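When the chains are written out, they are named A, B and C in that same order, and each has its own residue count from 1.
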Amino acid sequence: MFRRFTNRPEQGVTITVDGREISAKATDSVAAAMFAAGITTCRTTVVDARARGPYCMMGVCFDCLVIVDGIGSRQGCMTRVRDGMVVESQKGRREIGR
Amino acid sequence: MTEPYLPEICDFAVIGAGPAGMAAAATAASLGLSTVVLDEQPAPGGQIYRGITEAAAATRTVLGADYERGRELVDALAASGATYCPGSTVFDVSPAGEIAFLLDGQPRLLPARRILAATGGQERPFPIEGWTLPGVMTAGAAQILLKQADLVPSGKIVLAGTGPLLWLLAAQILGAGGTIALILDTTPKRNWLAALRHLPRFLASPYAVKGLSLLARVRRSVKVIFGVSHLRAVGEEQLRAVAYRTSGGETTIQADTLLLHQGVVPSLHLPDTLGCRIVWNEEQRAFQPEADCWGATCVDHVAVAGDGAGIGGAQAAALRGRLAAWDAAHRLGRINRPQRDRLAARDLAALERDLAARRFLDVLYEPLSRFRVPTGDTIVCRCEEVPADRIEALIAQGVLGPNQLKFFVRCGMGPCQGRLCGLTVTEMFAAARGISPAEIGYYRLRTPIKPVTVAEMASLPFGEQADKAVVRL
Amino acid sequence: MTHDYDIAVIGGGLVGTAIAYGLAKTGQRVALLDEDDRARRASVANFSLIWVQTKGLGMPEYSDWSRGAADLWPDFRNEIAALTGIDLAFSQPGGFHLCLSEAEVDARASQLARINVQAGMSPLPYEILGHNAVREMLPDIGPEVVGASYCPLDGQCNSMRLFWGLHTAFARLGGHYRSDHRVESLTASEGGFVASTAVGSVAAGKVVIAAGNDSRRLGAMVGIDAQVRPQRGQVLVTERMKPFLHYPTITVRQADEGSVMLGDAIEEENPSLVVGTDVLAKMADRARRMFPGLSKVNIVRTWAAQRVMTKDGCPIYDESREHPGAFVANCHSGVTLAPRHAQTLAPLIASSRVKAELPAFGTGRFDVSTVH
């Protein structure tokens, strides 16, 4: 769980995560926006279907993989939010075509 | 974002915009080299100065004066005339020095006469039971959230591990108004004895005063347990508690977030793919590219700088970046050797002092073997979910080494490409066989340096020769 | 003289290990001599195909040999599973060679027809299919797929587990595996052979050279001219996907764990193990045209490796005339032929009947004097 410790004026951005609207800062990564909204799990694993969340936040671990605007296996920590972005958690392996 | 202007061929391509990359690029450009910086992040700074150009005043206050130093490097880069390409993910470099990268998702090619790999470090794997649970993350990850998103962990926070970053992060969390339930220090007590002979040089450095005051500040307001020998993250689909053991027995504490740290190790993917020889650094217990004092490697046109050349911290990184730039200017004929040596003399001396002072930290914070060599069902390869006991069994069966192991159990074959299990696997072989990791070696790494899509790969140029090799007529 | 072993097999790849396992089954005391973890290995870079449809042009015996191997696969899979518990993920749904132009279809049709009209050939069952027929079996193909050849005998397995399974089975039968034993020299001595390595020498009554592209060097030491050359191949591998491709194709194959392999390339005289992005790009381009749904899928690994190729593409199995007891086994298709090597070839080596039973595969066929 995380909370913002500054209240700087910000350009707000709204994205949806698994159908839920959350607000984010324009400079947030998808993973940071999810943490700020209290979401710590972003996918289930490809082998044992276990829950995972972002681990390294610097593009190394690939545990923050999510589906962004219909495209799977995007690194949530390396992808900046954009107003209207649709994010889905990724369940297990990817499907062909998305 | 405006499209950066890319020359047809550049003199000096710098990959990474942390302290090493920024210092190198600014120096090289000032000597008249056409210089391009390719960096994966949307803004300059690397991990240490992450978010420096965008951070709010309150955030900068929390992060302190050391963080502010990143500004000077960013300003110097901006003023230097080097081309800076943020959001550029390098995924391949040909033997001839042609760099393939994605810029905003579009594949691009940049031929370079000389390449500097300044891709920094990453946190050393910390494979404990439950380290894959949501709610468990690296200390560095929490620091990135602090720097880039003004986020401070809330709820019951436990920090565990060893090394300066753990204490720095604790101080920053406190400074941002957060609270920490507990710090579990895993530094083995006997490390103090071994570190003592390096203490004088450390005490003479600015690190000592800063470090000691940091420790004092954190210990005033956070409960710290020293001598932690076992650590376990507990939970089913989410972290619920942290169990730890000291000589006094096992204790379990409820926790919402567990932040792990046991040092930083060089990132090897770019230098290894470039063909640099990778060698074992016993003092830092990590692999690094073999390089001379200029960062020059066994590959003629490739140099390394920064933590990716061996862990030295931000100051040393900037120094190594500049040294690599002087050397590049010399090799590309802009300055002669005496000029290079004269320009670099002060940086070389400063680097030597800096690295000597850090030896104390390397020895003191060498992680306990148990936290480097996992056992039982602790996950080693997070991507392919390979547990330690499966690897142990294969090692006992006589598997040759990390590369054959990879082939047999898929360890290191997932999307992280072995970044989070490589070192652990080598350490496991070394421990089981009673030999040095130097003799075991590391995964053989290949392009793509980072995953790219089939379409992105397909959009790189190919000609008749490739046609002939692939199409069966 | 007493030897350490009845037989020493040189080369711990798929070919050598299958033979070593087969020899151990016959009750021989076997040593398997291998290099180290960073050795150049064709075995860790293959496409896991059990492939019959293109084998045997110019040598009908090779077609029969491959076909027989495919027939042996189901029993072989069961045998390895029973002995080791390792599932080789074998399936034999038939395989496709997808074509992106009429010219490619024509080339397929003509090659298969030429294979089948050879004298002494038991004709292969195959079909040349148009786009719609292919689509019925492979629903995810793109519009650019013009057609394909299909052969019901083709199959696939998990070659990583095959490799591991053979090693485990060999160890279970008491075989001795020796890593870090790169053979520097091989000498015939006192009714046997001595293989010298940097860590000591191994004496055996017989020796089998299955050292891939290093076989030529070793063969020369015992009077065998094993004419093999390295031929470079490259492959791309994607992240794991949900199952979508239920048949192997020769250039796109989904492994049982879900990753998709994209191949393949043939490059002569390129000794490098560094991948070449032009060839990777071309393979990726063809793969996305065959299966457009793969476009956004991530490539996580690539390989470049050297195939072990003979002049005619067919295996070499032979025994030295000069030094009887020294054998050579070299081929490109170590996966397809694994059961053949374990179940047919190994007993022939044990009883010194390779020359008698497999005359077509001898090195004599490359003898220049017979051509002039």
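To be clear about the criterion, contacts are C-beta pairs under 8 Å (C-beta built on N, C-alpha and C of every residue); 3 or more make two chains touch, one makes a residue touch a chain.
Please read these numbers as outputs of a predicted model, since none were measured by experiment.
**Q** In terms of C-beta pairs in contact, which of B-C and A-C ranks higher?
**A** B-C
**Q** If I average the Cα coordinates per chain and compare with the overall Cα mean, which chain comes out closest?
**A** B
**Q** Where the centres are mean C-alpha positions, what is the separation of chain A from chain B, in Å?
**A** 23
**Q** In whole angstrom, what separates the CA-based centres of chain B and chain C?
**A** Spacing between the chain centres: roughly 40 Å.
**Q** What is the distance, in whole Å, between the centres of chain A and chain C, each centre taken as the mean of its C-alpha atoms?
**A** Their C-alpha centroids are separated by 44 Å.
**Q** Among the residues of chain B, pick out those that touch two or more other chains and give their numbers.
**A** 414-415, 451
**Q** Which residues of chain C are in contact with two or more other chains?
**A** If we look for residues of chain C contacting two or more partner chains, we find 239-240, 294, 296-298.
**Q** Could you check chain A for residues that touch two or more other chains and list them?
**A** 46, 73
**Q** Can you check the complex and tell me which residues of chain B touch chain A?
**A** 40, 42, 47, 51, 54, 56, 58-59, 62, 122-123, 132-138, 140-141, 144-146, 148-155, 176-178, 237-238, 256-257, 267, 382-385, 414-416, 419-420, 450-451
**Q** Going by the contact rule at the top, pick out the chain B residues touching chain C in the complex.
**A** 92, 94-95, 100, 275, 397-398, 400-404, 407-408, 410, 413-415, 417, 440-441, 444, 446-448, 451-455, 457-463, 465-467, 469-473
**Q** Going by the contact rule at the top, pick out the chain C residues touching chain B in the complex.
**A** Residues 34, 36-38, 44, 97, 103-104, 107-108, 160-161, 163-164, 167-168, 171, 177, 179, 236-240, 257, 259, 262, 264-267, 272, 274-288, 294-304 of chain C touch chain B in their complex.
**Q** Can you list the residues on chain C that touch chain A in the complex?
**A** Within the complex, chain C touches chain A at residues 140, 239-242, 244, 258, 291-294, 296-298.
**Q** Provide the residue numbers of chain A that touch chain C in the complex, in ascending order.
**A** Listed in rising order, the residues are 46, 71-73, 92-98.
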